[in-house]
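Each of the two complexes below includes subunit A, the first together with subunit B, the second together with subunit C.
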Partner chain A sequence: MATYTGQSLRRTEDERLLLGNGNFTDDIVLPGTLHAAFLRSDRAHARIVSIDASAGLAIPGVVAVMTAADLGDVPNKTMIVKRDGMQEDKMIPHPILATDRVRYVGEPIAIVVAEERYLAFDALEYIVVEYDPLPAVVDPRQAMKDEVILHEDIGTNVVMKVLEGEGDIEEAFGKADHVVGHRYDDPRISAFPMEPRATLASYSPEEKRLTVWTSSQVPHQIKRYLAPMLGLEPDQVRAIAPDVGGGFGRKIELWSDEVALSVLSMKLGRPVKWTEDRRENLLSTHGRAFTSDVEAAINNDGTILGMRFRMIADLGAYFYTSTGGPLSNAAHRVAGPYGIPVMDIEVLGVFTNGPPTGPYRGAGGPEAALLTERIIDVAAGVIGMDPAEVRRRNFISADAFPYKTATGYTYDSGDYQRAFDRALELSEHDGWREAQRKRGPNEPLLGIGVAAAVKASGGSARTRNARADVYVEPSGAVKITTEASPHGQGTETTFAQIAADALGVPYESITILHSDSDMLESGHGTTSSRGLAVAGSAMYEALIQTRAKAAAIAGHILGCAADDVVFEDGKVYSASDPEQAMAFSELASAAYRPEKLPEGLEAGLDTKVSFTLDSNPFGFGAHVAVVEVDRDTGDVKLIRYTAVHDCGILINPMVVEGQIHGGLVQGISQALYEAMYYSPDGQPLTASLMNYAVPIAEELPTLVTDSLETPSPTNAMGIKGVGELPTVGSPPAVANAIMDALAGMGVDNLDTPITPERVWRAMQAAR
Partner chain B sequence: MIPAAFEYHAPATLKEATALMRRFGDDAKVLAGGQSLIPMMKLRLADVPHLIDLRRVSGLAYIKEQDGGLAIGAMTTYHELEASSLVRRYAPFIVEAIDLIADVQVRNKGTIGGSAAHADPAADLPALLVALEARINTTGGARARHIAADRFFVDAYTTAMGPSEVISEITLPALPLRTGTSYRKFANKASHFAVVGAAAVVTLGADGLCERVRLGITGAGPKAARSKRAERYLEGKAPTQENFQTAARKAGHGIEFLEDIHGSAEYRRHLTSVFAARALAEAVQRVAD
Partner chain C sequence: MAHTITLTVNGTGYTREVEPRLLLVHFLREVLELTGTHIGCDTSQCGACTVTMDGLAIKSCTAFAVQADGATIVTIEGMAKDGKLHPIQEAFHEEHGLQCGYCTPGMIMTLSQVLERNPDPTDEEIRHGIAGNICRCTGYENIVRSARDAARRLREEA
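So, the complex of A and B:
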């Protein structure tokens, strides 16, 4: 019986964090710690002629300066895996430290360690790097011309190609009433975690063991990748992600920085610590970075016959493990919630002189939705139909699931029409349309934008498996070890809610342990909206098995059948004879005493589970944005935002709402504010908060949200996952609202971020 | 984000402070609220071997009435200005402008003297100082000086102060009766500094015409400056939308427009006229209120 599931319990994590008692990597103090600072390239593309660190080393208190030459047996490359669309001979990994060439501003060249952090920074100024500059290329379309080549040995910058689709697109275009097309740029943006990256590496020469505390979403992967690089056995490395202040996909790597710090700690036999500053973070890695052409064939009745996508992804200068991930994701995800029969997709991946890119909240989903959702609005304009109506006419219907898209996905369940209609109603969509018609020429322009989005949870088959341990102590306290590695998701709260209900015990008796590779031997962390869907499902399976064993023991003691045993309110009793009862703690204690057990049952109440989620659940989001545009300046004000999500069964509605708010704001910010700008020669123009814009609270309206719960048949709890979902539909909803406001002026295309000057220029040009 | 090593001095009097300034010359800078200087040092954009903290110098933070206007000590914080009924009564746009500067934490630290001395081309208060025809009083040079605001701001981050001079006080002259003020700002989406800010001080005559007009523009060019053409155009004319618009179109005259990712020169030119018109109209509106 669900006592806790479905309740908006306050997050157990919050009190500690809000009172400043969090324990982030930078808070961890070990005796004898050395402090590191990185010397990073200030050139976008250059040969390194020489590095002279002698003056830096001469500063008292500076302990070591390491360059690539000092790596010894450690291979000078990070680990990468082959993904869809990658070619074996073109998989150039990111080096640990640059050797004879740098390929982006921010690329690590040397690392200084000193007794004090200040000294390490001082020493950076005394390391002299002589560069021989090379021409740089930052625009992926320019890079495709191969006039400037980043890695000569592979002879081209075009290193990935993903093809996807179904049906004959030429035929669809030929028979359609209209074909519309546009190019949309989706620039580099920062994941912008509140806590930048931070690592403390500590090697114990006595124990021959390296412990790495790091601000990561994937501690087990850190261990798995790091050990072989350092020539260690897996059990010689322990990776711990303490409190982590946000990741958003850009902390799912073993970064070269982490490797370098580990190497140094092993060399010096002392802990080495590094906390990135905001500038380093802004220059380390980015998300999105697509530029795409999209065409759609539509009939006058609103039926979409087919779409063609030609997408180009800027990979940056090297591969990290996740760098190529968004490409195939985007290829699958362009289908959105629509039953479009014909799809033709090509995604190319291109090296440029920028930092490596990779999945950022949504991981190809927002890149895809921006195209599908924006072109639908253009098509709606051409046939003169309300964009909301065009979407309603093309939604996959509620009775069509499981539904196979023309892009190779199988959607599990949903009721898109109902959730979308709820969003229209909640946002007073029709009322705003009326208000729009009544706007006077001296009032700001009013625009209404809708978008709909589907997002898979759980990741690829490679990561759709998880470990979980449940251990009921003889006292009745329950300790659960999950491979999820939370960094803001409220996992300690929601997992405890599930566990308390499964065992019928008080919520307070549950402890959720996580984020330490010594607790579980493997895991995939919290990425790809997999926390609840995969790691949570694994825990649920372990709980069911635990309960089954506990029921067998209880039945034996209470003299009833195991399936007659009820777990409730910290008690265990026979359903048919409730007088036959015992406290859960008594049962737990009995479970460890062989004389109390039925024949053949081993003592103990602990369960280890390896679980596989066979297929992905797919969540849905419907968005309505209302904006005002200042006719004089082009400034956009978001005045109302409504979103209705279906992420399956809600464990904790408040936690879900928190995830939705965060995701919406990141998407809104992508539409209106964010871009990492580079000069044509590869110098960053937005490397601080003076120039890189993120919104503040007063720039956002109240977010109106609601949920619809269609249970997913893919897992026992019926959940779908919510982490990335809200970020997928929000950028196009805002973009569509702005385009709607400008439609009367004949403005037909603006790239995100839709800045005031871009709007103003478009209005000027249209006048 | 770690500054280079520096020597810290905490003089108790202005005299001691200026003596230190003379002693260390270019190697020294005074520290007021630190809201511009400290970030520059941390980013290693400013190398300051000797930091002379003015916060221990007594008697530099005050707001008092003087000759019908105000005299304000250089170390008076934004917050103190914002909370002052004297300031609110003298010219409400000062309070409004400050409300648009950063956040409470910054306003609790940042000072009027620091804002003027720093001469950031995108800072807000300098537009008001030129529009109010403020005087910047300095000490520590060959003699004490009273520098008119529109001569004080020379270029980006450059003022008319000599190397050992320190701002001690800023005076704001009395405003005529029937004067309205307004500050309107188009904020940079990242830093919220001014892409363009327009400060208008308008006095209506008994005949209802614009008698005295002062318009200060910040953000658009390398320094805050008065738009004298716009002022001259509007003086003696009726306070109509049309006249504001025409005057505002002249507001950009003489400005060498800046250009960056937050606004091209062309866009800044356009914003200058939009915000000048809005500020002029609102200032006039407030005379009536």
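So, the complex of A and C:
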């Protein structure tokens, strides 16, 4: 009986945040806390000749300056997880602190701790680093030439290679009516969580225990990786992610600063806090950073016969834990929602003199969709067919699931055509086409762009496992511990909705606990759209087991069969004789009294599970963007945006819609505004909000959204993840709309972000 | 070097010694321990630090504590009254105007001024009014809805 599931319940999380009582890492004050600041490289590539910190140390109130030389037994490297396409001998980890060489601007060299925040900053000014400059390389295509090599011992910058696909691409190209091709650049962009990262490390010499509060999506992983590095047993480390102000995939690493702060706290026996500033955040890591060639073979009837992808991913100067992840993801994800029989994909990963890259909302999905969705529009242009129609003709049909793509994925379920048609209808697509035909020569150019995207939820086999603990207290109150580690997703609300329905108890009696490694022994946090799909499914499994045991106890007490027991409205009763009833709280209390239990049943109502989702659910999104382009200035105005998503059964439609809004805008912004630019010698040009463009409300239209619900057969609740899905399709939808507007202007291609300057220059060049 | 400042924050008077270079936002967060006011940038653009000073919304990362000498400041902690959420806070709850909640205090403080000046704004006026506040989670859609709903609540209250 679903009382709560499917309802747009308002969020439990809200009140503390609305009152200003949120508990973000920088808000936490421990007695005796020292404040840390990092000295970072201002060179893109240089040898470090010497570091002289003495003047900094001499400032009263400055407690310590630590460089790599002071790390002692702590290995000077962070943790890497090997991904498809990575080679053991080329997995160079990010150092904790630079030793004799720096390889990107922003790389940490030394860390200062002081009694006060401002004193730590003061000291940075007095630390003198002498550099011996080296040539730098920031363009991955240039880096592939190996003229400047970042890590001499491996002899090359090309350190990853992923191959994927099926069928004979040459044959497909040979028999097609047309083959079209393009190169698309997908620059570095910042995840830009409004709360930058922050860490507070506190080692207790008495308890021999380290507690780390950190603005992270993966506290359990922080604990797991940190402990061995520091020479501690896992149970000597506790990692807590308190309130976290956004993550978007770029808070899933074990960061070098988390290690450095822990080392210092252990050395000094005092809490040490560091809060990243925006410049540091913009220089520490990026997402996307692909440059790719794509070709598509298409027949005049719109059938796509095959596609070839040659992608190059800029990894930056080192590997962080998940840096290698987006490459194989992108290789799988180029298939999109289409039944393209032949695919040929190569993705190379290249070191450059930039900060390490990694998954950013979509994690290879948006990188892939940008190519597939843009080249389909080019192909549509060549055969003179509406791009929406070309997509229709190639969608995997609703009766073809489970469907195995030529890129090695098995899609679980979907009705792409129906969702896509709904988006066309909702957006008044045909009406806009009509309006476009009627545009006069003195009006702005009008463009309509569509895109369709698929996104897996749950991540790899490793991250499809999750733990959950359902504890029904003798009072009937229910405490659930999940390994999800939310930072805006509303997990405390949506998980309680599921639990309340599963046990037939009031929503208010459920408490969702999370983000503390002392609560659950392990976990993978909130990444890869796995929060609900994996951690939620694990919780659901624990709830079902809890209910089964509770039913056995209730049946024993009420004198009916266990499968006759109904849980509803805080009551437990026999379906065949509803008079036989008891309060859920009575049942909970009985569960802890051995004399009340049927033979062979242990007292207690506490279920811990380790659950594995066998395969990924795949959600779908259809997008329609309408833009106006000023003929004189090249200014692009997004005037209408419509998206229809199918992420399976909705637990809380309001929360899902919120996720969709945010995801859409991050993708829209990628198409229109965002790029992290570096000069050819590796100096950052966009390291603050002065020149890194994150959109403001005024630049965006009202978003029109709708959802369809195709249940996923992969899990008991029929759910699919939604966190990343909207970000996959929105960049190409906007790009396609702009190219559509420019179709008559002789503009061949524009790379994202498609800024007014780029449009203007292209229009000038085409004149 | 320390200066003595006296000011009122959320109705309470404080006198404190501060370094002249101490930013107001750090004074609020670290001296008064009012951590609801956040920091999201170093260039005065994100609005996470917005408070009102003598009735005007200001970015507290861009003022020194000494400039607030004698001022009356309201932060997010001062918005709810007698255990009841302020109508703007209620509207954000009702319309799902927050996800991670990091930008929210600044948004609410800015909107308190926007809605005071314009009790019945259009969506365009709302979007313009919060042009100095960045949210990365909501795509602004539900913030605009919240602001609209807040305006209605405030008008009904008036």
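Quick note on the criterion: the second predicted complex is superposed on the first by the 767 of 767 C-alpha atoms of A that agree within 3 Å, B and C clash if a C-alpha of one lies under 4 Å from a C-alpha of the other, contacts with A are read in each partner's own complex, and residues count from 1 in each chain.
Heads up, the rule we're going with is that a residue touches a chain if its C-beta (ideal position, glycine included) is under 8 Å from a C-beta of that chain, and two chains touch if they have at least 3 such contacts.
Note that the structure is predicted; figures quoted are calculated from it, not measured.
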- Which partner does A:Thr686 reach: the first (subunit B), the second (subunit C), both, or neither? first
- Should A:Glu15 be classified as contacting the first partner (subunit B), the second (subunit C), both, or neither? second
- Task: Please indicate which partner A:Phe121 is in contact with in the superposed arrangement: first for subunit B, second for subunit C, both, or neither.
- Result: first
- Message: By the touch definition at the top of the document, which applies to A:Tyr131: first (subunit B), second (subunit C), both, or neither?
- Response: neither
- Task: Would you sort A:Val244 into first (subunit B), second (subunit C), both or neither based on which partner it touches?
- Result: second
- Between subunit B and subunit C, more residues of subunit A are touched by C
- Mind working out whether A:Phe401 is in touch with subunit B, subunit C, both or neither, as first, second, both or neither? neither
- Query: So, does A:Tyr592 touch the first partner subunit B, the second partner subunit C, both, or neither?
  - Reply: neither
- Query: If you stack the two complexes on chain A, which partner ends up touching A:Arg279: first (subunit B), second (subunit C), both, or neither?
  - Reply: both
- Message: Contacts for A:Ala697 in the overlay, against subunit B (first) and subunit C (second): which applies, first, second, both or neither?
- Response: second
- Message: Let me check the overlay on chain A: which residues of subunit A are in contact with subunit B and also with subunit C?
- Response: 117-118, 277-279, 688-690, 694, 696
- Item | Of subunit B, residues touching subunit A in the complex | 1-2, 4-5, 43-44, 186, 188-193, 260-264, 267, 270-271, 274
- Message: Please output the residues of subunit C touching subunit A within their complex, sorted ascending.
- Response: 19, 21-22, 26, 29-30, 33-43, 45-46, 48, 75-77, 79-80, 85, 89, 92-94, 96, 98-105, 108, 123-124, 126-128, 130-144
- Touching residues (chain side subunit A, partner subunit B) in the complex: 117-118, 121-122, 125, 277-279, 632-633, 635, 672-673, 677, 685-686, 688-694, 696, 755-757, 760-761
- Can you check the complex and tell me which residues of subunit A touch subunit C? 10-11, 13-15, 17-22, 24, 26-27, 29, 117-118, 192-196, 243-246, 248, 275, 277-279, 487-490, 654-655, 657-659, 661-666, 688-690, 694, 696-698, 700, 702-703
